[in-house]
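Right after this note come the structures.
Two complexes are shown next, each including subunit A; its partner changes from subunit B in the first to subunit C in the second.
Now for the complex of A and B:
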């Protein structure tokens, strides 16, 4: 699966990104400090505006697709970078053993076939014959073994090691066979292999993978290879002649780094980029008012596999009290957030799974907005306004706390709405907006927070052991809200071992039910991924299949009649 | 006073500042609604008689937010400049009165501080603090005292050897008395002028910081963060950028007119008056 990269919208990301690597990625949005200059709206746009983009042309090769990304990758080894900007670009350069097809079924990418042993503990992968790296070296099972060794190496600084450490034995019987053995059946196993980018041993074996220059000068096996990376400006990918999956139609992918969404939009309007992820305002308010844009640009909307939530630090009082958590859940009007912040472009969520998928329990409904019930629960927990100052108190202490979130317009607006609703029932919440890196480093990892407003972006496999299991609370691990529930622990353990999809579904439905009742987080909403793509780009599946429009980007093409004149500065 | 207001620009500046101050003070009386009242059914409405300056992305009344924002912006200006002026007077007085190595030391510190661009210094300091209106005031105050220090020192140096000072000294006046009853009152004019100009730049700095998300925090309104909110919608909701932008412009202009006018009026070398 080739990927395109719109990294601001949590929602757009999912479908385009190798799922396992996106699993558990905390969603960061990058909001710029300065409006970046966006001057060079070239004189060619007047000409483009007159072109009729409705004619049909047969597929052809060549052309350049220009898109915009908000953040610059720190490197292109996805397991080290661990961020969406890196995964998005690296997904065009590196292959995994398996991939998800357009219906989200697992299929081979580097492998022709795979066998699972009868006891479900051993998986044997059969690589396709004669695979080659972009530098003409053969790609063999040795490279796969090497990649596994690296991702499980204690010295490798990757958040994705734990899944692969469950492999007790990895071996390469011959150059085209790779076999892994698990101590116990591990249901998410294949999903994890669909997310691990296979790296070239011959270039990395003597290198420190954390710091290697290879991260900025990668050699892969997928449709594209990196041609040029200009710091802070763009990354240009060009077709890889040795691509293991055949040849993509579009000749070059140019990803321009434009931190500001408003500036990206101006570039899109000026026809300097072909594609970007839109925010709800751009999608719902600006586009309808601009027929000139609608003529040339097509919009796509799809529900992402991610959600926004308000999470409590369960180690801190009073959030250890279930009545307080439920009260806050009742006090928040989720529909108001969907209408006001997402402009209706979102769905309510009641479980940590994408609404409408098999893992999402259809019987669960979000806590309704009910301030009276909230007040009653708080009263039962001992919170009343004894001193008459409008703020609830208990033992002489007023009920006040801080909501932490990262710099992102939608997050901040959501925070303000929540703050207002809590204020109405007598809880004083302050909002603190932080830059992403210090947010993670100073507050999330050391667990120094009362309440966080954040998002989770999830993999296709329902396993969420690392987010909810009580063993995953060490600093830097994903259960930073310190959730601990024995029944949930048991269900999560069982879910990893259960291979029958129907039984697995029941396990995760039960898990979701307990989670909703326990209310360790308040599920807020799942937003739609909103993408704008210029109509010169053809071959996009519409309507989008379950895997999203990004599933077949290698089949997209730009008719030569519509190709833009290559900009000289690139 | 008459001489002062004979300059029409000073009069204009004075009227601007006075009316903005008045609006800020009586904000609760004239604001049509609670500045934080959210109405998701009325988001991004253009200006009408009901919402004089339209509504923002959460349906809040921009006019009310502008009025309350004025309080923040002006308060930041006054407090920050108050801090800066106090520091400047103390250090400038010490340097100008005692001269010698104390003077050299203080003036070198001033030079060092001046060599760092103020805005970036403030950004760096704010990064280590919780952004809040009080921190902003203190940080702006602590980073903009250098101009006042230089002014006070220069005044003191020139006044120090005037006959009336020497006479007071000959009569046995102590240092404190010399500074507070003779030197300082005679240096007040330039201090006032520079303070007024300083308020203008403090208002601008506060707006800039809030625009960058490092100043006044949501949901509290300040002109800078109303402007930031508007940035996102600038293509179709012009009122969100125009009004706070104009407010900042007019306020800063007002202070500058007033400050410049005062300087002209009291400048003995000025030929006009």
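Now for the complex of A and C:
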């Protein structure tokens, strides 16, 4: 007890210290730091700044590319690990049967070609000849069959098995042929085969795939193989001499795990890493103000893989009324959200497909910002301000609802901008921000919400059956806004049965058109993926094609004049 | 004394069961489980597959059943394997039939956090002790007030901000210290002396940051303890019998003023294994704080329970050690315990 009393004395005494002294001490303490923080930054990296990174060199092999990730993979068997960090690393180690090219069209990776039978139920994959694993064992259709068996195995702890369980028969007529048969034509099948990493049977056949040490010590067939994995610190990949797709130019890929973006940025400024993902503030505010950084580091932007939307609970009044949904769509200024939240680094979207790809209908334009039209639509729906309190009402009830979103700064800011625009036309919206698990468990699953502010991915395969088909409304399924439109249902079913890309495209263009018109969700924006890469790395496509700058990493190179001294790497 | 010790140790068992029971239920009160993370909200992952995962992890069973399953494993000291990284054991390494050793998650994170915390504790004591004594001897003079002000600034300053500023100053502007991470990339190729130097260089900033923020507590504790003791009658007696000021202060006053510190150190033992999430994230150090934080976010129940259990055991041991040490150091307490 005595100590506590003394502490209190201390605090009381502190208040009697002369303010001037306090100020002086503070200044004395902070000044060196401030100078160091805001001072002449050209003094930094004197060694690195002396190198002129603008000279041209022809492509060569070798060098190390160091990048930073915020999270660590839990394992490198992607079907089990699931998180993006795992897919990013595993994508350099394992091949799939198919891949997406730079225009996001499907093309063969392990296969030379594939045939679809006349009834569209059977797909035959022809593997390239003489494929090899990194340990010199041959890669055959047996490995593909084994991978399919594993992903559909009840005991395998993967959430991604359901697409592959639609295969009724999988067979290997010979070592280079793999054939799958579906009960009914299943168009997204090709996309699913582009996402499944083929695993080596000879190493995994006696292992429990859920717990095998292989996940941390994999053997693959792609450009790189894992050389070293230091938990919590870094993963080092080195070139795979047996790579099935030819040789990559950069010798080593080193991914450092740095959870904090600010620390990553400091590492980038100090030239300890070559590449990192930026946020809009770093891209649009910090870099333009730092010429010393721009001298050595190039910035790239590409359309990201997701969009933000405002989704209505269509089971609740008044969102079952298309006029109300369209009115809210007209009332929201999408460009303002892009400028304010993404600092201009995004695009409006009008369909759930990436602009510039074949699935995106070029005729569709987002609803323009038109508050008068919004008011007129609401009036037609019966909403007017009868009692003069500034809020529209119908049958004596004011038009007010709650926008639910999860803890995500960008979504919260978007919500505030929407709130203000809705307020202008007389709708009172409240924002409620929730932690993800309770958001999902208490509001989405039981459908206890008015309006949600969320994101969906801009999927590469156009099939969006699980999000929009009226049969997908049970708790835990993804059509939680309860969208139900017979024409859309028909189109989604037809799209799944059609494997011809051109015919499929027509189906999904029509689907997007109805979706936009119906306005069950308001498409808000799709943000850019922003990347900073040191200028020593060459061969990067700029501007980025639809697949993003990463589509040709195997062609990137580091001129040996610019390669860093391997021992000095921090 | 022995009887007292045995009694205390036996009592720890029901206490531990109680702690684990409460932790387990509170953990399950939070909504969601491993299958409801944001990343798994993916149309490609069907509800049926997620249900299947829940069954595989026994998450579909009532909480009390899950607890008894956990307890059944715990009595054989099996902490289980992590949900989020399927193959890694929570606590200690395992060997599979092919001889591949998988290191435990706590096994890897704990030494790192311990090292940082022990180093910063040493830093804190070696700075805070003299500061506290100097403060007490110059009570209410300029020296005392400057020291107090300094430690309070250290206490009040946001650690993450100071960390970023120092990282920029020592890492970007001057190439003095590495910015983040635990080791350089070429660490394995160095000789052992260079390896130690490399690790110490990486740890310098994290230890300094946690040291400067922890300075205030101990130094004020020492200062106030000293002041209290200096006003005791036996100090007056010591002075009046003509002992030198040095002997009075270091021989009599300081020794007594340090007694309460034993309690503080005892209580800080469990703190030694708890890392700071913010510091570990900023400095990219794979320690206990980050491990626990990620486990909570992912609802990785075996990891959460593993860390909580080890924390509980260490807290109880710390308390016991503090009491025993107190009895050893202070005859008055010893007599009380025996009676």
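Just so it is clear, the second predicted complex is superposed on the first by the 337 of 570 C-alpha atoms of A that agree within 3 Å, B and C clash if a C-alpha of one lies under 4 Å from a C-alpha of the other, contacts with A are read in each partner's own complex, and residues count from 1 in each chain.
By our rule, a residue touches a chain if its C-beta (ideal position, glycine included) is under 8 Å from a C-beta of that chain, and two chains touch if they have at least 3 such contacts.
Not measured: the values here are computed from a predicted model.
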First, second, both or neither for A:84, with subunit B first and subunit C second: second
Contacts of A:483 with subunit B and subunit C, given as first, second, both or neither: neither
Partner chain in contact with A:443 - subunit B first, subunit C second, else both or neither: neither
Which superposed partner A:285 touches (first subunit B, second subunit C, both, neither): first
Partner with the higher number of touched subunit A residues, subunit C or subunit B: C
Partner chain in contact with A:262 - subunit B first, subunit C second, else both or neither: both
Which superposed partner A:420 touches (first subunit B, second subunit C, both, neither): first
Which of subunit B and subunit C A:270 touches, first, second, both or neither: second
Set of subunit A residues, in rising order, touched by both subunit B and subunit C: 33, 262
Of subunit A, residues touching subunit C in the complex: 2-3, 6-7, 10, 13-14, 17, 21-22, 25-26, 29, 33, 36-37, 39, 41, 43-45, 47, 66, 72, 74-75, 80-84, 154, 157-163, 195, 210-213, 215-217, 230-234, 236, 254, 256-260, 262-263, 266-267, 269-270, 272, 406, 435-438, 440-442, 456-457, 459, 464, 466-467, 474, 476-478, 566-567, 569-570
For the subunit A and subunit B complex, residues of the former touching the latter: 31, 33, 35, 261-262, 265, 279, 281, 285-286, 289, 336, 339-340, 407, 409, 412-413, 415-417, 419-420, 430-433
Interface residues, subunit B side, partner subunit A - complex: 36, 38, 40-41, 43-44, 57-59, 130, 212-213, 217-219, 231-236
Parts of subunit C lying in touch with subunit A, wherever the complex brings them together: 30-33, 35-50, 52-53, 56, 81-82, 84-88, 96, 98, 100, 102-103, 108-109, 140, 145-146, 148-150, 152-153, 162, 164-169, 171-175, 178-186, 189, 220-221, 224-225, 227-228, 260, 280-286, 290, 299
